[in-house]
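Each of the next two complexes has chain A plus one other chain: chain B in the first, chain C in the second.
Up next, the complex of A and B:
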């Protein structure tokens, strides 16, 4: 009973501000004559008409497919190459300057390069997403595999594990928390590049829908697109946090003990 | 023989090899053609741009958007974070809302920003502020809340007021958190300035890149991207150096 109360209070404390904000927006925009800030009630009606769920298969599904395919390629490349480079001191020393440089290019600036190379279709979108998202994952994996707790390594050597065994059973598993930090950045970049590739390579996709609506002065539609993109971005980060929590349960357990 | 090669810094070797491979791929590989620029073409493209004043004014505009946006974010977010961090109620009430806006990339709100502000310098600055303000405020608040409670109790015993507590206990405790947040914000500012200009049509290097791409000026477009990588690298190195000087006690 007391526990339930604590939950209610926690939710009330965390939730009053967004509720207040939405109520204020609804009220303040109710009679809005400003064309750029239409009444929230109108946006909501249009939102229901567009996204529950008439246009979802046309615009949302292709965006999400590109995002996930691109991100999956980035995970395989990043963790694969990162493990190999992290295991070899020379390999990492010679590749890191290049990786550092490519990572310093704003990911969205690479989209025009991929448009020049591959045109405007899904292939270009997936390639730009995969390429940009690979580098944070790659760097995090190299970092994680290289810096294993020395006590663990010495223990493994005492038990005469071979170098291969040490890599796969000690270095890689214990690099997981670092790799997850890279994956998180990679996912954010993948999301941004998904939208950017749609803004720049007009046509289908939620980003393209939203920017087209802006260009044609369909302002209510543009608002619904922006709100849906925002909700999607937040939902992605929630899903990622949940996956991370489950995969790294041992790590958080250790941290609590320490 | 081996020692002679290994005495050359790794960065130099990598750069030379990477440029050579890039050059070969661009000249002979399946990518050879109008849609791909080799290393020498990209460098030629960049040097031809560097002789035009348009290019340098685009550089200045991008830097201006990033710098002003960053400055405004810091001026708003750090004091806001301190205030939020002082009260448990304020921290818990804002946490969800700020986390929500923190994870939304500014590219999402570009369509609305174009409508409400127009494709201008101010829009770019607005996007940079939007990108940074929530994460810097949250980190600051978190750092402020993390102050050693014994230290605070001691200060209370000596009847030191709220101001001296902030000045001598809370801000120093939060400094390393704040400096990490600012480092991330500074590199994000440059990226967002480019995005605002490439997609939102604000003046700057992004807009120039879009124009070059549309005109099919491949080697110059590659030149701009090369330039962006170089400044990105310089900025992140400069930030690391600045951080070491300012928060020298944190050991990071």
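Up next, the complex of A and C:
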């Protein structure tokens, strides 16, 4: 019972501002004649027509597929290369300046280059997403794997574990919280690049939909696209947090007690 | 090899230097000592004298500048087989992402034991330290004293012939400390382990040891080796009331303080 109450209070604390905001928007825009700020009621009607669920297969599914494939490639590349470079002092020293340079380029700026190289199809979009999301994951992994607590490393040495065993059983697990921080940034970048890559030469995807709508002066449609993007982005971060909480149970449990 | 067959560890004219910003710092000078098989030896000395440095050399985690260390006749190159180490900082030497049982199983990764044998070892080690029910907990869910029991269980899981401990009870309360001291005596008796311990607690050293090595000076040298002839098995009440106990602790104290 007390648990249930705590839930009710938590939801009320988190939810009152969004509810208030939507109510305000609904009311304030009700009689709007400004074409750029149509009434929320109109946007809502259109939103239902578009996204529950008529246009989802055309514009949402392709975006999400690109996002997930690109992000998955970034995870494999970032954690794989990051583990090797983090474990080898020389390796990191030789590659770090280049990595620092490339990750300093704003990710969206590379999309035109990828278009030149790969054309205008999904391959280009996935490559752009994967490329830009790799760097935060790579850097976080290098950082985490390199700075293993020396007491744990020495303990592992007294067990006479091989370097391989120390890497996979001590250094990588120790780095997991840092790696997750990199994954979070990587996912945000992947989402941005997913949408940005659809601004150019695409008929499908949420980015293309929103841009085409504004170009065709379909302002209500554009608003529904923007709102859906917000909802998707928020949902992604909720899913990510849930995965992180489960994978790093030991880390948060330990922190709570400390 | 023949000459050291009765010695678990042979320390032969060991010196240790560090390069610091101010030049070369000499920590140990010409330290020689032999740990007899089956003995319990404590290393004591004023704080900062180089006790932990000597222990790191004995475990193969560091290499002496001069001299050599042999474990059962084999010169050291890295941590030797058959030696288990309990480091001072137990809260940071247990892997927080592994359960207690998996922590204890970690040193067995290269033992060639089967899965069921490993599980068996984990169970019996937990039982030995009185933590049978805690295998599924995470280390950070346990009290400091229990965490230190886990690191002792982990140390004995590989059935070592030598156990090396660096101030193992430094950060637990007095009652827990007595319990852990008795646990170490029990483990040593049950498994017949040669045990080496660094401590700053002279009473503890007298209570546990067959022999106490007093380090003194800068660079540190072996000032004296004191034999503790209080009979085994020892008990917190009887042994500490032994007239020898007061005499020996006074003597070791005087040696550590440089009063003798």
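We take it that the second predicted complex is superposed on the first by the 255 of 258 C-alpha atoms of A that agree within 3 Å, B and C clash if a C-alpha of one lies under 4 Å from a C-alpha of the other, contacts with A are read in each partner's own complex, and residues count from 1 in each chain.
As a convention for this text, contacts are C-beta pairs under 8 Å (C-beta built on N, C-alpha and C of every residue); 3 or more make two chains touch, one makes a residue touch a chain.
Values in this document were obtained by computation on a predicted structure and should not be read as measured data.
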item	value
Chain A as common anchor, with chain B and chain C clashing or fitting	fit
Partner chain(s) touched by A:203 [first = chain B, second = chain C, both, neither]	neither
Chain C, chain A and chain B - angle at the middle CA centre, rounded to the nearest 10 degrees	90
Which superposed partner A:250 touches (first chain B, second chain C, both, neither)	second
Chain B versus chain C, judged by how many residues of chain A each one touches	B
First, second, both or neither for A:110, with chain B first and chain C second	first
First, second, both or neither for A:165, with chain B first and chain C second	second
Chain B versus chain C as contact partner of A:176, first or second or both or neither	second
First (chain B), second (chain C), both or neither touched by A:10	first
Which of chain B and chain C A:102 touches, first, second, both or neither	first
Chain C versus chain B - closest C-alpha approach in the superposed model, Å	20
Complex contact set, residues of chain B against chain A	10-11, 13-15, 18, 31, 35-36, 89, 92-97, 100, 103-105, 107-112, 114-116, 190-191, 194-195, 198-199, 206, 209-210, 212-213, 216, 218, 221-222, 224-225, 228-230, 232-233, 236
Residues on chain C engaged by chain A in the complex (per definition of touch)	59-61, 78-79, 81, 83-85, 87, 89, 92-93, 95-98, 106-107, 109-110, 138, 140-141, 158
Residues of chain A touching chain C in the complex	149, 151-152, 154-162, 165, 169-170, 173-174, 176, 250-251, 253-254, 257-258
Chain A residues within the chain B interface of the complex	10, 13-18, 21, 36-37, 93-98, 100-102, 104-113, 115-117, 188, 191-192, 195-196, 199-200, 210-211, 213-214, 219, 222-223, 225-226, 229-230, 233-234, 237
